[in-house]
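Scroll down for the structure; my scribbles are underneath it.
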Amino acid sequence: MRFLRQTLTVAAKDLRSELRTKEALNASLSFALVILLLFSFAFDPTADTTREISGGLLWLVFAFAGALILNRSFARELENDCLDALIASPVPGPALFLGKALANYVLLLGIEVVCLPVFGVFYNVHVAGQPLWLALVLLLASWGVSVVGTLFSALTVNLRLRELMLPMLVYPMLIPCLMAAMQLTTPLLAGQPLQGDLLAWMRMLIGFDIIFTSLALVLIDTVLIG
Amino acid sequence: MSALAVEGVWKFYGDYPALRDISFEVEPGQCVALLGRNGAGKTTLLRVLAGLSRASKGGVKVFDRDTLDRDARSSIGIIGHGIAIYDELSALENLRLFAALYSLDDPAKTALHWLERTGLERVKDGLVREFSRGMRQRLAVARAFLHNPRLLLLDEPFTALDDRAIALLQGLLRDALKAGGTVLMSTHQLREALELATNVVLISRGKLAHQGPRTQEMLDDPGYLYRTYGEA
Amino acid sequence: MRERILYGLGAVAAALLVRNIWKLLTGLPDEAFQGAIFRIIFFHVPAAFTSFTCFLCALIAGIAYLKSKNLKWDSFGVSVTEVGLAFGAANLISGMIWARIIWGIWWTWDWRLTSMLICWLLYAGYLVLRRAIEEPTERARLSAVMSILSFSVVPFVFFSIKWFRTQHPQPVLFGDGKMDTGYRVMLYSNWIPLLMFAAILVAVRMMQERRQREIDALRRAAHAF
């Protein structure tokens, strides 16, 4: 109970400071829009072949935009040495981690909800064909991105070239999660229900979330306290 | 039960020992000045004491609990090099946040109480970013004291503070000591620290060089300590 | 003493390798469909085995370091990772040469090639991470975490890429890959010298790491005054 309250306190703190400055959010959203625009030059946006890779395009946009959010997550604690005050408080490392991961999760989902209709309009895709399944995929895959990303945000926070290091380490680690999300999103955007082989991807996504959430909770104290 | 028991603490950076077998105890009500040259290991030791860093060997007990134990931390208050206050939150939000993280009963009430005590209630809803340096420092002091810590660990507390914040901090430290609290502070400002201190701990090159009560000679001539116990 | 053991091991590995290559060139007939180039598999596959043995050792080293805080485990971890990367590169390059001759292309996004490339990138990330951390104890701690995470994602990578696409002769070890017993014996007997070779490289790298730690400690001691 106390754990949960501390988790939510940390999450609320992160969300409040982010929504007040909107630093990462603005940067991330405009970056997402720029990438969406750039993709339209790389692929003919109206061709059927583009529709076949729509899930891939969408998740690349989310992954790129997400890196900006994740970078800020622990970097925000460095100004004024706030991280020391958090670690020295009675808040357990896992609660601190989950709080920050939750805040990143909400921000990431927010960006996805904004980008999705924009993507639909630009690329002439009907995004709401399978709203419930699509929501489930977004929820599961974004959690995977948030958990792995927040852990690496903590891991790289004191490094030189932190902004470069985070995406370089996180993207290869996220390949299974992003690949599953891409595989699931493409048919959903085409309005097809999930069945057969696709459910295997869903299981993989759930497995990824469970394994990496547990690993992060086990390892976070080691990462935070040297 | 001692307030702080340091038991054979070693800290290695690679193969280099930054702290070598440091042991001492601090009884409740004592105010200890942690002295030593730059690079002697004062900050490293304080980080180990506060549980921000793990000892490579040995351990630290705070009121008989391991300092890495989360419950032990409710009784520790720290002031480090940074002010550890969020710029984009208001003064009230900052204090309420830390009150909630320490699971205090009524975070809002505690926060308001401390804003009054530090003379910041007038600007409680102002963002810290817009505060003057002195106001930020007073808020940082309030942040360290708001959960009524029984043990205060201060790293160079007087260095960055302005006069008003120093007066505030000294007043709060006197009150805390009178109420049976324990203070350990590293410092270069020998006069300010020694005036308050009941005991001194001197470390030199990562080793404990001297430990004992503060004596009149130290107060009369701060250089005395280094000449007597430090290396040339 | 230790050096003499290494020289001895090196001599045995070299002798085994020469014997194997001799047998490969004279004893084994060309494979019916692929011709002479098929012999590359006797290096290609053992290199992959060696590489994954190294990564498994890196996982063990990571866990052991976090448990014991003994920097020897960190030296072991970085050494096996580097050697694993070298053998991984050997695997990738020999695979590319084979693909160029049999399929006419250098690279194909087949599941095993792709997975190996991703693993290679993951562990290359481990080395980049180490470069960015100056303090040896912090470096050891964070890279141990990185090693554990990398190894945990490897099975996910393999399964996801496998589901994603399949176009490769079937696996040799698992599944229904058909291979003549003579070839199979040759494959494993070539793995042994490669493993010995890897062990020598790891031992040498660990000695370098130990000296590096000594130098670092002396430098810190010198700067402390």
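Chains: A, B and C, in written order; residue numbering restarts at 1 for each.
We adopt the following convention: contacts are C-beta pairs under 8 Å (C-beta built on N, C-alpha and C of every residue); 3 or more make two chains touch, one makes a residue touch a chain.
All values reported here derive from a predicted model rather than from experimental measurement.
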{"item": "Chain nearest the global centroid, as defined over all protein CA atoms shown", "value": "A"}
{"item": "A-C against B-C, pair bridged by the larger set of C-beta contacts", "value": "A-C"}
{"item": "CA centroid of chain A to CA centroid of chain B, Å", "value": "38"}
{"item": "Chain A-chain C separation of Cα centroids, rounded to whole Å", "value": "32"}
{"item": "Approximate Å spacing (C-alpha centroids) for the pair chain B, chain C", "value": "49"}
{"item": "Residues of chain C touching at least two other chains", "value": "137"}
{"item": "Residues within chain B bordering two or more other chains", "value": "none"}
{"item": "Chain A: positions in contact with at least two other chains", "value": "226"}
{"item": "Partner chain C, residues of chain A touching it in the complex", "value": "151, 155-156, 158-161, 165, 168-169, 172-173, 175-177, 179-180, 183, 197, 200-201, 204, 207-208, 211-212, 215, 219, 222-223, 226"}
{"item": "Contact footprint of chain C on chain B as seen in their complex", "value": "12-16, 39, 56, 205-206"}
{"item": "Touching residues (chain side chain C, partner chain B) in the complex", "value": "69, 71, 135-137, 213-214, 216-217, 220-221, 224-225"}
{"item": "Touch list for chain A against partner chain B, complex", "value": "2, 5-6, 9-10, 13, 16-17, 20-21, 79-82, 84-92, 225-226"}
{"item": "In the complex with chain A, residue positions of chain B that touch it", "value": "50-54, 68, 70-71, 73-74, 76, 78, 80-89, 93, 97-98, 100-103, 127, 143"}
